[in-house]
Every structure is written in C-alpha cells, then in structure tokens.
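Next up: some structures, all given as structure tokens.
There are two complexes below, and they share chain A, which is joined by chain B in the first and by chain C in the second.
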Partner chain A sequence: MPFKRYVEVGRIALVNYGKDYGKLVVIVDVIDQNRALVDAPDMVRGQMNFKRLTLTDIKIDIKRVPNKKTLIAALEAADVKNKWESSSWGRKLIVQKKRASLNDFDRFKIMLAKIKKAGVVRQELAKLKKETTC
Partner chain B sequence: MSYKFHQFQVVGRGLPTESDEHPKIYRMKLWATNEVRAKSKFWYFLRKLKKVKKSNGQMLAINEIFEKNPTTIKNYGIWLRYQSRTGYHNMYKEYRDTTLNGGIEQMYTEMASRHRVRHHCIQVIKTATIPAKLCKRESTKQFHNSKIKFPLVFKKVRLPTRKLKTTYKASRPNLFV
Partner chain C sequence: MLGLGQRFPPFHTAFEPAALHRSYTTTESMAPKDRKPHVCRNPDLIRGVGKYSRSKMYHKRGLWAIKAKNGGAFPKHEKKAAAAAPAEKPPKFYPADDVKKPLVNKRKARPTKLRASITPGTVLIILAGRFKGKRVVFLKQLSSGLLLVTGPFKVNGVPLRRVNQSYVIATSTKVDVSGVSVEKFDDKYFGKKVEKKKKKGEGEFFEAEKEEKNTLPHDKKDDQKTVDAALIASIEAVPDLKSYLGARFSLKSGMKPHELVF
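Showing the complex of A and B:
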C-alpha cells in the first residue's frame, strides 16, 4: 500500500502520450504540482506534464538540473538502458515492438515455430500421461 | 510548447511637428496574442500616459521577445491591475515556470478561473524573475526543495493516441500507480 515510486530528481520515467511516446526520460527538476523538467540524451530539455509520464523503478543519482554531459555520464554509470531492457516491463515493450514490426514471412516463421513447440510439449505430455496410467 | 500570449517590444513616438522636431521615443513591453493586438495595446497605454494618439503618432518597431533560457525553471512574480465587477484592484501573483510567456499564460487562466476576470480586463504592470529567497507565496515556496520527492497518487488511464479512444470499455480501470 505505501508508495514505492516517487517523483524525484533522477527518477526515470516512460513517456506514455504525445510526440515522445515510448521514450525513457529523466526527471531533472520539478516545476510545480503538475509538471516536471525532463531530459533525455536525445532531446532538448523541456517541461512535461506528469500525466504524460509513467514512473519506473529506476532512479539515478544526479543533482538537481545537471548539465547534459553529467546527465549522460550518470545514465551510463547507472546502466539505465540495460537495467530497463532486462526488466520485465522493458522486455515486454521490446516484444510488443518486435511483433508490431513483423512482415508476413516472419509471421510464417513464427507459426512454424509455434507448431513445433506445441508438438514437443504434446509429446512430453503424452509421455507423462502414459507413465501415470500404466 | 505554443503559448497563446506572446511578449512584444513595441517602440513608438508622436509624429514630429514644427514645435517638436524630435519627439521622445517610448518603448513598451507587453503581452498580446499577435502583433496587431500588441500595437493597439501600445497606443492604449501610451494614450493614458502621454498626450499622443495613434493618429498623431508613429510606430517605430515591434519585435517579439523570446525566452532566453527556456530550459531552466524560474519563479515569476507578476504585478497586475484588474477590473472586477465592483472596481479596479491590484494584485501580486507568483508562478513557477520555465518561460515568462508560460507564467503569464498561467496568470491569465488563473485569474479567469479564480476571479472570473477576462483577459481584456487585466493589465500587467510589472513582471520579474524572483530568486527563491524572496518568494512570498507558499504554493511556489513548497517547490523550493532540492530533495523534492512525492508520489503520484492516481494513475490516469489514458490511451496513447486519441485514435484508440473507445466510448465503452470491457473492464474498470485500475487507478493504482
């Protein structure tokens, strides 16, 4: 019940609406109750409403309003990219993106792989069934 | 970030006459939605201060002023004079924003909501960037904390694009952050 993800300087958030949808940004400062000053290595520092942000579990150690170099260095040091991509949330997003970008041949390959996997599972199940009945 | 109110610097003077070859030049910084309105506002204010009108004056320059550092947060103090239903009043308001235009826009919307004052009844007397020590209002001072930390209490469930919006949903949303 207590809150685990706080809006604070250094919190990593995911943009869930608008032009920068899907980007990971760092909260660099808080303007007021509804807006934060937000920064990422590939965008100009700007303000963003909290309604557009979803907080993540990742937090990096930076002072209030660092300059761009320090920010990028801190992001590298905390290894945010790898932490994100190995987290279950990050992995799910990668899978979603992959699925959305498939072409017909990829979907065909996936169909074959699914059939193969189902066949192997069914074989094991049949083996287990045989052992319990006999 | 597009702002409704833009800041203009308007420079004008009375027309030169035989008695006054080089009339004094006046410069004003004001907020308006566009250049045409800015020029009109300039003459309105200048008429009230000096004996000059648009018909016997000339506009020398009008430039839009843009924010120098839109990536830093500043505390803006705005002194204004507004007309309520019963008379004119002065007010001092503080806003935290990255740009002065943003602070002014906040001011206009707040005056409209809190006091039902329309934007044409508001005159901005003065604006200033206030250092954190000199801020007077608690609502701006509460953000002067370098270790600020607060949770987002409700998560508003919103579709990433308006195209995916549907009127009906199969299940109730989960608002827990």
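Showing the complex of A and C:
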C-alpha cells in the first residue's frame, strides 16, 4: 500500500473545488505543508490548498516555477492533453460533461438508440440460445 | 472612508451637469449618428475614485482652451424666451371640499415579456392541463401575452391553442416555421362564441341546440390543416423529430430538473 502519486514539481493535478473546478493544473512549487503554487496555460499562477487538488498519474519535466512559455512548451512536449483524454479517468470526465450538456431532443434520440441496441443484442442472444439448446 | 464612498456616485460626474459633457462634443461638425463611442478621460482606480483630480480633469477637458477662445469666460447661450402661456380665466365654480386628483399613471398595457429562449419554431413542453407533457411547436405570441402553439394536430393531437408562458418549458430545439402564415390568428379567434339570445323554448327545442354546439366549425379545421401542412413537411426533414413530438415528456428516475439542459 505505498503511495504512487507524489506531490512534486511537475505533477499534474485536477482541481476538485473552487473557481477552477475541473481544470488540469501543474504543481510548480510547494509553499508549505498545505499549499502548492499551481499554474496552467489559461490561468494566472497562484496558490492552492492540496485539499482542492486531486493528483493524477501524469508528471512533466520542469524546473521549479518555470515561466509561462517554458511551461506551455513542456506541456506540449509531454503531450499531457492527449494522455489525459485517452486515460480512463479523462474519458469518464468527458462523458460526464457530454451527458450533462444533452438537450431534451438528444436525450430522446439516445433513448431510441438504446432501445434499438438492446433489441439487436436480444436477437443475437436468442439466436445463440437456440443453437446451444438444440 | 473609502468604504462609505462606494455607494455614492463618483464625485466628478455628480458635480458636473450632464449638459456640459454634451455641449462641446456636439460643437464639432459631426452629425449625431457619426459620433464615436465616448472614451473615458478619467479611468476609475476603484469604483468611486478617479485617477485624476478635479484640477487635472479641468485641464484635460480643455476648458481652459475653450475659455481662452471665448475671451475668459465659458461660452453661454441665451435662454430661449419662454413661450407666453395663454391667459387663463378664473374658474366659474369651486367645489366646497378639495377634490383629490388621482396620481398620474403612465404605464402602458403590453403583452407579457417573452422569454429570450422562445422564438417562432421553438419546441415547448406543456406542463399543465389536458396536454401536460406534450411537446409542441410555438408559432407566435398573441396580443394578450398568451402563446399560440400547435401540435401539429396529426402528430400529437394538440390543436391550434393558446398556452400561458409560465406553464411551458422552452427547449433549445427549433423547427423551421418559415412556410407557415399565422397572421390571421388572434385572441378573438379563440374567444367563446357569443350565442344569439333565444326565448325560453320547450324541452325538445333545448336538446336540438345542445347537439349542434359540440362539433368544431369547418373553417377552424381547415385552418389547422393549412398550418400543419407546412409544419409537418419541415418536421419530417429532421430525423426522429416526428416521434419526438409525438412522445410525452416525463421525469424519470435520476433526472434532476435543476441540472437538466432543455
């Protein structure tokens, strides 16, 4: 049961509370036992309590408190966006966002699609059942 | 001190009459339509506190130059001579007690403000009444403020009908209503028909009258058909839209209305 994700310079974290909820940020420095200096391409570098962050598996290679240009370059080099969006955690969040933004008409279309899919699955199952019993 | 100042208007505009702002911008030979948006010469440091003091602003506005041009005093224009009021005759009759005049009311009656999300062609969900849960196409707002909607009748059984804006959820789905003409419909079209007063008849007479009232007049049925013909054509152009309009809306398990996007 050792820890695998550590707070370190370059660790990517997800903000789970506050104004920047849902954003991915990079820990660029540790201030004290409770706070980190945090930066992201679309926000002003600032402090954040660790309680507001959830650590991810992704880590990038940067020096302590890089300037914005270096930070963005390092994020591009490590391909953080694609790594995040292809990870199962990232994909789940994308699906949640999509579901929350569905229109009433979209929900109706999804219901029709689900019924159709279930019908196809049931047909295949019936076919398989017929084969095994005979 | 600054905390108190936040609720008062900024000092520099409170003491300068608004007329002074306009008078020297319009002396330039620019037509009012061509005026560029006025740039603020005195940016706010925080609300209520400008960057420049009154003396600095005097200099920035060039009041010293205007005065110099006018020979030391700010240019004035003469007051227009007040139009002579017609001579009033003293009234012939004074009431014994003072009659109170009702307060002046300048309010105008207008139809209810239509929500920005409701435009012609919007699909609405009716929330109350016989057709609750039905998804219906919005046509126009009548002068009484009620919304004119139609099923269309063939799709979900809702005829041309009036519905109150408060009993409706507007979805973001729009139907193309450019082929539909709704000019002839107004509140009078939907009003109850006034019957001619008949003398008190016998029992049989009464029954014969009742049977006639129940059927819809033919011209209303034809109106429904013409409106729906164009609508159904544009509805069938979108896949699944017809079955969507035919289905009723209901809250299912897990649906939170305050989190749903319509």
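Simple rule for what comes next: the second predicted complex is superposed on the first by the 134 of 134 C-alpha atoms of A that agree within 3 Å, B and C clash if a C-alpha of one lies under 4 Å from a C-alpha of the other, contacts with A are read in each partner's own complex, and residues count from 1 in each chain.
Simple rule for what comes next: a contact is a pair of C-beta atoms (placed from the backbone, for glycine too) under 8 Å apart; a residue touches a chain by one contact, two chains touch by 3 or more.
Please read these numbers as outputs of a predicted model, since none were measured by experiment.
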Chain B versus chain C as contact partner of A:Ile12, first or second or both or neither: neither
First, second, both or neither for A:Tyr21, with chain B first and chain C second: first
Partner chain in contact with A:Ala78 - chain B first, chain C second, else both or neither: neither
Touched partner set for A:Gln47, first chain B, second chain C, both or neither: first
Winner by number of chain A residues touched, once chain B and chain C are compared: B
First, second, both or neither for A:Val30, with chain B first and chain C second: first
Touching partner for A:Ala100 - first (chain B), second (chain C), both, neither: second
First (chain B), second (chain C), both or neither touched by A:Ile62: neither
Partner chain(s) touched by A:Phe108 [first = chain B, second = chain C, both, neither]: second
Doubly contacted chain A residues - partners chain C and chain B: none
Touching residues on chain B, where the partner in the complex is chain A: 1, 70-73, 96-98, 139-140, 143, 146-153, 155-156, 158, 160-161, 177
Residue ranges of chain C in contact with chain A within the complex: 123, 125, 135, 171-173, 240-241, 243-244, 247, 249, 259-262
Parts of chain A lying in touch with chain B, wherever the complex brings them together: 3, 5-9, 16-17, 21, 29-32, 37, 44-47, 50-51, 54-55, 63-65
Chain C-touching residues of chain A, taken from the complex the two chains share: 100-105, 108-109, 112
